[in-house]
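You will see chain A twice below: alongside chain B first, and alongside chain C after that.
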Partner chain A sequence: MKLAHLMALPLALLTVAPALAHHSFSAEFDGKKPVRLVGKISKIEWTNPHSYFYLEVAGRDGKTATWACESGGPGALSRRGWKKGDVKIGDTLIVDGYLAKDGAHLIDARRLKLPDGRQIYGGTPGDGGPGDNANG
Partner chain B sequence: MTAPPSPAPFPRTLASALITLALAASAGVWLQPLRAATPASASIQQTMLTQIDPASDALWASVGTVETARGTVHRAPRSTAGWQKVSALADTLVAGARHLQRPGVPVGATAHSRLADADTPGTRTAPQIAADIRADPARFVRHAKALEQAALSARTAAQRHNAEGLISAGAAIDAACEACHAAYWYPRTPPLTLPDPDHFGASARHP
Partner chain C sequence: MNLLVDFCQWLNDLPPSQTLAESEWAFPIVESVHVLALGLVAGTVALVDLRVLGLALGDIRLTAVARRLLPLTWGGFAVMALTGGALFASEAVKLSHNPLFLLKLVLLLLAGLNAWVFHATVYRRVAVWEQAPVAPAQARVAAITSLATWTAIIIAGRFIAYVH
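Let's turn to the complex of A and B:
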């Protein structure tokens, strides 16, 4: 590897360094850009302060892209009625959410439709799921 | 018998240093150096940047579960030293939360400090936040105490090597953070209400 490449690596890694964990919804996502994803789950990360699941979504051009779906932490999802095993690797889901402002393949996941037709919610205030009292 | 290794040439040393620096940055520990003790003059903004945010990020990242087609991995400290590190992170959070409870802690380094997300319309400015705190200092202290209590729970879980307890305490830390941010920092707009599936589907992009 050439030195120039090695010197470029830190800059590249800086661009993927994790952002601060806390932002308002409007700082990170665009409420005017609703997105509906249909794809298979390839990875699930159950972590605080956000859980992420990753969907393999086939685009209109025939290419498959990986989308990250951000939701609440494990506790918040539990309060929305999620149960262990509700989502499984390989399941095909329909996910409604809002696109990240920076154009990344990232959405604030609000509502998931499971293969059996049930709907579960992502834990963001306003998603309308069980326990959501964001609007009184 | 092998010859002792010769000193690495400068370019390799430089490259190694840069990579190390980059890896540290990618882990979020370089841009925001973690401080165990809070300078008495630290503002809320400085306390967040140097203590509370990096400590909470590292604490949250220390435990969780990842599922893929290859199986399920439960992430948690695997040694006493690892748990002690998490306990130290909780101590940092406790120290930061207690600093926030001191009377008269300034919001930003100066009265004109730009806070994170200042470019997002509606995000509260440092003078606005300072005015809100002055109007009801006890309310702000209650938020800081909620963070302190959650961090103490995290420390207890770490001392007991209790991964589930640490996840619960991590959720409580997140709840304390969000409640305070919503009260003082985030735009005061009503949460975006999700339309029903039919209406949402009609307006949504379908990649």
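Let's turn to the complex of A and C:
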């Protein structure tokens, strides 16, 4: 009986995990808090499993703050026509996304407007967030 | 501590680490192989643990089960460590301050230590007790610890992706 209890605990934990695993968007970001950021790129992380674009954004109070925009990895972005060299440090990005639940200067970038005018979907495939159609 | 940070930065900046980090296909493929190898390790370890507890393979002697499965465990472990090392190198700086990743490392150490103590002590006398209906308490505790630790390793590993 004791053993059965011990083994039931991890099983109970595992049944909770998939709810998060299939929806990484809602695990970290708030779908009710959309935001648009406009700023110059100060840092680019073209990396797996997520890419990050850091923007210098002027707030309503006039102060500039660094915001991290999380998006899909290199594979997902490349398949949408966005190659590594398409944006450079100093370029201006317009990013529509959703705020992090923990209040960090971090958003999930759902749509990015590149300097050349292209609009690219930024979500991670299959994350269950707004606009996700899991087509990579 | 500073040395460790420097090491992570150095590892992260190596050309192969960068190539993997920026790859379109290599990263998810290495990740998949890592999970397959983990399945082999945790699966074979669990079978030995369940045999010790008398919950599986009861008609085969424990020593026979262990002898046949241990090479698979080690093979899987080698692939798991190799792919895990490569994945770590590709995001070493971020992972070095991810609490769930650090927890996973500690748990891996614990799993290794538990297995080592088991083999160095009670398993040395396995010939005496493997025919008994119930394994000695120390062996059963080691088996339960092993099952719990590997379960926790997998949960911690999965949750690395959900903390910063």
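Keep in mind that, in the parts below, the second predicted complex is superposed on the first by the 99 of 136 C-alpha atoms of A that agree within 3 Å, B and C clash if a C-alpha of one lies under 4 Å from a C-alpha of the other, contacts with A are read in each partner's own complex, and residues count from 1 in each chain.
The rule we apply is simple: contacts are C-beta pairs under 8 Å (C-beta built on N, C-alpha and C of every residue); 3 or more make two chains touch, one makes a residue touch a chain.
None of the values given here were measured: they were computed from a predicted structure.
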**Prompt:** Does chain B (first) or chain C (second) touch A:Pro130, or do both, or does neither?
**Reply:** neither
**Message:** If we overlay the two complexes on their shared chain A, which of chain B and chain C does A:Lys84 touch? Say first, second, both or neither.
**Reply:** second
**Message:** Applying the document's definition of touch, where does A:Asn48 land relative to chain B and chain C: first, second, both, or neither?
**Reply:** both
**Request:** May I ask you to decide whether A:Pro115 touches chain B, chain C, both, or neither, giving the answer as first, second, both or neither?
**Result:** neither
**Message:** For A:Gly73, using the defined touch cut-off, is the partner it touches chain B, chain C, both, or neither? Pick first, second, both or neither.
**Reply:** both
**Message:** Between chain C and chain B, which one touches more residues of chain A when both complexes sit on the common chain A?
**Reply:** B
**Prompt:** Which partner does A:Tyr98 reach: the first (chain B), the second (chain C), both, or neither?
**Reply:** first
**Prompt:** Now for A:Ser24: first (chain B), second (chain C), both, or neither, which partner does it touch?
**Reply:** both
**Request:** Check chain A for residues that touch chain B in one structure and chain C in the other, and list them.
**Result:** 3, 6-7, 10, 13-14, 17, 20-21, 24, 27, 46-49, 73-75
**Prompt:** Can you list the chain A residues touching chain B in their complex?
**Reply:** 1, 3, 6-7, 9-14, 16-18, 20-27, 31, 33-38, 42-49, 57, 59-60, 65, 67, 73-76, 89-90, 96, 98-99, 110-111, 113, 119, 124-128, 134-135
**Asked** Where on chain B does chain A make contact in their complex?
**Response** 11, 14-15, 18-19, 21-23, 25-28, 31, 53, 56-57, 60-61, 63-69, 116-117, 120-123, 167-168, 170-171, 173-174, 177-178, 181, 185-187, 189-195, 197, 200-201, 203-207
**Complete:** In the complex, the residues of chain C that touch chain A are 20-25, 27-28, 31, 53, 90-91, 144, 147-148, 151-152, 155, 158-159, 161-162, 164
**Message:** Touching residues of chain A toward chain C in the complex: what are they?
**Reply:** 3, 6-7, 10, 13-14, 17, 20-21, 24, 27-28, 46-49, 73-75, 78, 84, 104, 106
